[in-house]
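This report refers to the structure that appears directly beneath it.
The letters A, B, C and D name the chains in turn, as written, and every chain counts its residues from 1.
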Amino acid sequence: MARMGLKVAVYGGSGYTGGELLRLLSGHPEVGGIEVSSRQHAGKVVGDVYPELAVRETFVEAGEIDGSSLDVAFVAYPHMESAGLVKELLAAGTRLVVDLSADFRLPDVAMYEEWYGPHPAPELLEEAHYGLPEVFGSPEGGRLVANPGCYPTAAILALAPVVKRIAVSSVSVNALSGVSGAGAKPTQKSHFVSANENVSPYGVSGGAPRHRHTPEIETMLRRFAPGTPNVTFVPHLLPISRGELETIYVDLPEGAELPGAGDVLGWFAEDYDGWAFVEGRPEVPQISHVVGTNRARLSVAVDERAGRLVLFSALDNLLKGASGAAVQNMNLALGYAETAGLEYLR
Amino acid sequence: MARMGLKVAVYGGSGYTGGELLRLLSGHPEVGGIEVSSRQHAGKVVGDVYPELAVRETFVEAGEIDGSSLDVAFVAYPHMESAGLVKELLAAGTRLVVDLSADFRLPDVAMYEEWYGPHPAPELLEEAHYGLPEVFGSPEGGRLVANPGCYPTAAILALAPVVKRIAVSSVSVNALSGVSGAGAKPTQKSHFVSANENVSPYGVSGGAPRHRHTPEIETMLRRFAPGTPNVTFVPHLLPISRGELETIYVDLPEGAELPGAGDVLGWFAEDYDGWAFVEGRPEVPQISHVVGTNRARLSVAVDERAGRLVLFSALDNLLKGASGAAVQNMNLALGYAETAGLEYLR
Amino acid sequence: MARMGLKVAVYGGSGYTGGELLRLLSGHPEVGGIEVSSRQHAGKVVGDVYPELAVRETFVEAGEIDGSSLDVAFVAYPHMESAGLVKELLAAGTRLVVDLSADFRLPDVAMYEEWYGPHPAPELLEEAHYGLPEVFGSPEGGRLVANPGCYPTAAILALAPVVKRIAVSSVSVNALSGVSGAGAKPTQKSHFVSANENVSPYGVSGGAPRHRHTPEIETMLRRFAPGTPNVTFVPHLLPISRGELETIYVDLPEGAELPGAGDVLGWFAEDYDGWAFVEGRPEVPQISHVVGTNRARLSVAVDERAGRLVLFSALDNLLKGASGAAVQNMNLALGYAETAGLEYLR
Amino acid sequence: MARMGLKVAVYGGSGYTGGELLRLLSGHPEVGGIEVSSRQHAGKVVGDVYPELAVRETFVEAGEIDGSSLDVAFVAYPHMESAGLVKELLAAGTRLVVDLSADFRLPDVAMYEEWYGPHPAPELLEEAHYGLPEVFGSPEGGRLVANPGCYPTAAILALAPVVKRIAVSSVSVNALSGVSGAGAKPTQKSHFVSANENVSPYGVSGGAPRHRHTPEIETMLRRFAPGTPNVTFVPHLLPISRGELETIYVDLPEGAELPGAGDVLGWFAEDYDGWAFVEGRPEVPQISHVVGTNRARLSVAVDERAGRLVLFSALDNLLKGASGAAVQNMNLALGYAETAGLEYLR
């Protein structure tokens, strides 16, 4: 049944971020019609394939969707596959494309190629708006939003207010994530018996930490704090379905004065004033405080004995870390309330 | 049925470490008789109270056990309650006391009083052997073993080989632990619905990290590396029953050369050669690699981009982090094979 | 900030059903103001006590709420404590009381007293509407709704269409529930380490199944199928936070003809046509299909080899099994859409 | 290092039952040498592929093992692949083969072909001993043991003492199992995010229960109680790694007198007297009581209101339900103590 409202499409609707988008868009007050593609499930009703989603739309092949008729396209493809479709959609006249892959997150082609590979549409990099509006502003009026990585979202929200104001000499991000962050494809690592009652650090290869979210964190922080040092980033897989917590160890240059916890909470309050989903609080955030919501919760502990700040940042990797942020970006880009379709989650 | 062999007692047998001790001692080839005290369960058969333990002994009141007849007493009391009993047992003539509380871990009375409170038996501090034999040697022949904290065990095993050899300027220990580490007493925090699908950082109070294992880590490392800086230690509660993983971020002084991953693995090999339960390996350890065993597994990643070492250390908090170590200490103190009663776990 | 709309109160807001009610009512389009009582937390902001709830109301003592001003009161008190408050509220003039306790579920005083104890307000029993509208009709216009037990909801939804149409000779309900069903109070049973990696049958005492939901299931089915035999009901605690699944084994009298699976699905379709939240489907329901929603999902398998029906019924114990149903009952009683405030869950 | 003792081989060492066998055999006092085959991992050290196993043996191709030299071969192949290898081994002169597949469990070829397919070695069916010694006696002196299915083990242990003594008219087995029961191969169903916070009934196809363990349960019970009715068997996948619980609903013929709970416990005591691993107890068993052990725990509740017995049976699906039973069968077949290598698990 077509309601009046935005015509949207979800490309790659069978993964976790695609499914979450379908759930959010189905309940979104401004959305009138949803199309959804899936190579694997084309021809089947979404709610039959995923009985947990009460969604009556039918999966189609991507090619069956008319990009020129879309108000918004959400692209939930793997990196390096996404950029080509994004380019086509913009060429066809889709009003807004929100890309959930990594393809338009790094503004620099060389950096992209070092960490991912040849970029399929470098000419669009400049136009892409990095969709972390609380730090980089609203994408209002833009055509292309690069939806941030989940880990960078948590890290940048916590670190940006700090590195903007004081020099830091060392940053180590210890990240914990639920298994949905590793994708819907069954692997030995995501097997219940492997993941359950376990924690496994990952993103280490050849004896060195090397996760692709590292340059994203660094580059984005350097936009307003060029002296930000290289960041050590070590993610760990946890036996939970969703949710993400980062504990970030920050040293200051020799002799610099440590701010108090109240100072840092004040910076959070100042920077995120007026934004609905990001909040610094005195209590340390837990994953349960944010799961099922589009919220990010921040806090800080100041270790005067050791001369170091510890920042905490928690969010739901499928919402504020992916699909929730994508809808928030759509809202802002098109001039709706930031919270439309997102307020009633927990 | 009394077998020939060691006469042992477990004081405080109804907590997790006490229960694990009963399990281990029941299968120990040198143990001939076990007594077990529990205020709460006195008069009941262990296996009736804890159907998961096939243990036929009956809980008694602590006062009913004759300390003078014991070869070994394991004291699993809370800190500040333990020291008094330890003193009595030694006075009564118990051949060996292994104390699982914190009472004899910190060699310095003033430090103990800063972090815990008035020490009930300071005159025994000097005699106590810190029971991490792979680092501090065998307690062979001693009367009193201070069984280390679970977090310090993991941290010191990973850090000792490093700080012995190179100067470090900054140490942040990110620790993850299963809920058994928080004790058997039902609390809001340990309620299934609170802990499940959650991660909660703790040990932060008044806006600062302040967990009692911090000075234990620092003091023990300073025995051979007096310049070790104060350590930031942030533990997190995970939705698993048991197991512990520490990810340790280590900065070197300005201008110092980073060792390679192979170097650090070499140091592990050198220091832990001949010890059965501690092993450095190239692959990053996961909690599942050690749960149910007395093993600690170590690894390292070298972040050349950021100029920093990352150490990994995993163990089972109830085994190598508590009761397994206690049995290992008993074995060594009395001259048995280090692995007696401990080899057949996984 | 007071919006226009219904004035509602939640009595006993600090348990799981109370918290879930707050979450639902906060997002309900017809609700204008919420008051919430908690002896334990009076004076504190809900969202400070429960950081997972973005609720700004302050807990008060029950006595501080003016019952005469309320459109709707939800009473989430323990049984035998609830009836007294319900009586007071109705006397004070509260327009609608939805009682989430067991106090008004059993229509027969003697039966209540056999399974619970002396009834505090038996004179109200007759007026109470058993709030399972899909089976017993809308409470429209009523003053008092007895919100059904979670297990009876699942059992009756699956069994009612069957016992209405065919005679059955034996009914065994195997029920599985998440730990939230056992309440928010920390106990040994709800301790993470006890519940995790475990399943424990309960509701057995003195060698016999004896759970209070048994007579509720029997009595309600007998309203339209007086010959329904006594039911064996065995609940099991599962290591999940929420969700409930019942697998129900139904024998037919000697010689009776087994219906086909399609027949039973047809009965479900017929009986639940027009109701938003209850649906029979060919695929066997899983807890994940309903968690986080107000849905109940039913299915059936017909074992011709053994001559027996197996019914399946899944719901979220805190939503369709408690607070979601309570809001649905409010909607119906006051003439709103059945789904108001409930559609946008998953 | 070769010890003196039995020469054993594990064929199919990379699945869960194979891994568990390796763990058990490594610690078995009578085992002197272990060979282990895995097509997938041939050439690699077991402990490198599975860091949780401290096993130094190297995986080889099955063809590299000399069957004529083996005292015992454990075959952990899929059904219909196993029988061929079993035949070869026996022909080559292997002293004892313990087959963990279903190939020799059903004594009747036609029944095997109905539920599985063409039997690769029907001539060996008669020789195979069904390895549930507590019910069917010791395999002492035999050459071929058919290790029972995990579900049948739990069901038969609980039901045999009942059906031996009284007539029953209806049997419904509600079975719950951890995810390891579904095998090590990554699938959508075993993905952490699918299994976690979920319960899914399975073994239903075309609207009817149809799990292959059903005829195994029926056939084995009919050996001594030919009137045993067909059994309804419905397994459910639970979010735990290992462990199994069956709740079994048993009706008696019209007019028959219900035994008391004490009677049934007496039957358990009588039948399992002298066997180390099977025990009936008054308290209802939980999965945590048996996980990590070779024990099965039984109990009973008598529902006089409904006229029905409820039996409970719990075991660890990888131990008493598979690899532990296999080792127990080896012990008995070769004349060792039943508990050798199995006593020290929990």
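One rule holds for everything that comes next: a contact is a pair of C-beta atoms (placed from the backbone, for glycine too) under 8 Å apart; a residue touches a chain by one contact, two chains touch by 3 or more.
Chains and their UniProt names: A, B, C, D = N-acetyl-gamma-glutamyl-phosphate reductase.
This is a predicted model, so every value here is computed, not measured.
The set of chains in contact with chain B as well as chain C comprises A, D.
Ranked by separation of Cα centres from chain A, the top chain is D.
The geometric centre of chain A is 46 Å away from that of chain D, both derived from CA atoms.
Distance from the chain A centre to the chain C centre is 37 Å, each centre being the mean of its Cα atoms. If each chain is reduced to the centroid of its CA atoms, chain A and chain B end up 39 Å from each other. Multi-chain contact residues, meaning those touching two or more other chains, occur in chain C at positions 194, 197, 239-242, 286, 288, 291.
By the touch criterion stated above, chain A contacts chain B in their complex at residues 170-172, 174, 176, 194, 197-202, 204, 207-209, 214, 229-232, 234, 236, 238-243, 245, 247, 249, 251, 254, 260-262, 282, 284, 286-288, 291, 300-308, 310, 312. Residues 23, 27, 51-54, 197, 281, 283, 285-286, 288-293, 295, 297, 343-344, 346 of chain D touch chain B in their complex. Those residues of chain C that touch chain B in the complex are listed here as 16, 178-180, 184, 186-188, 190-197, 239-242.
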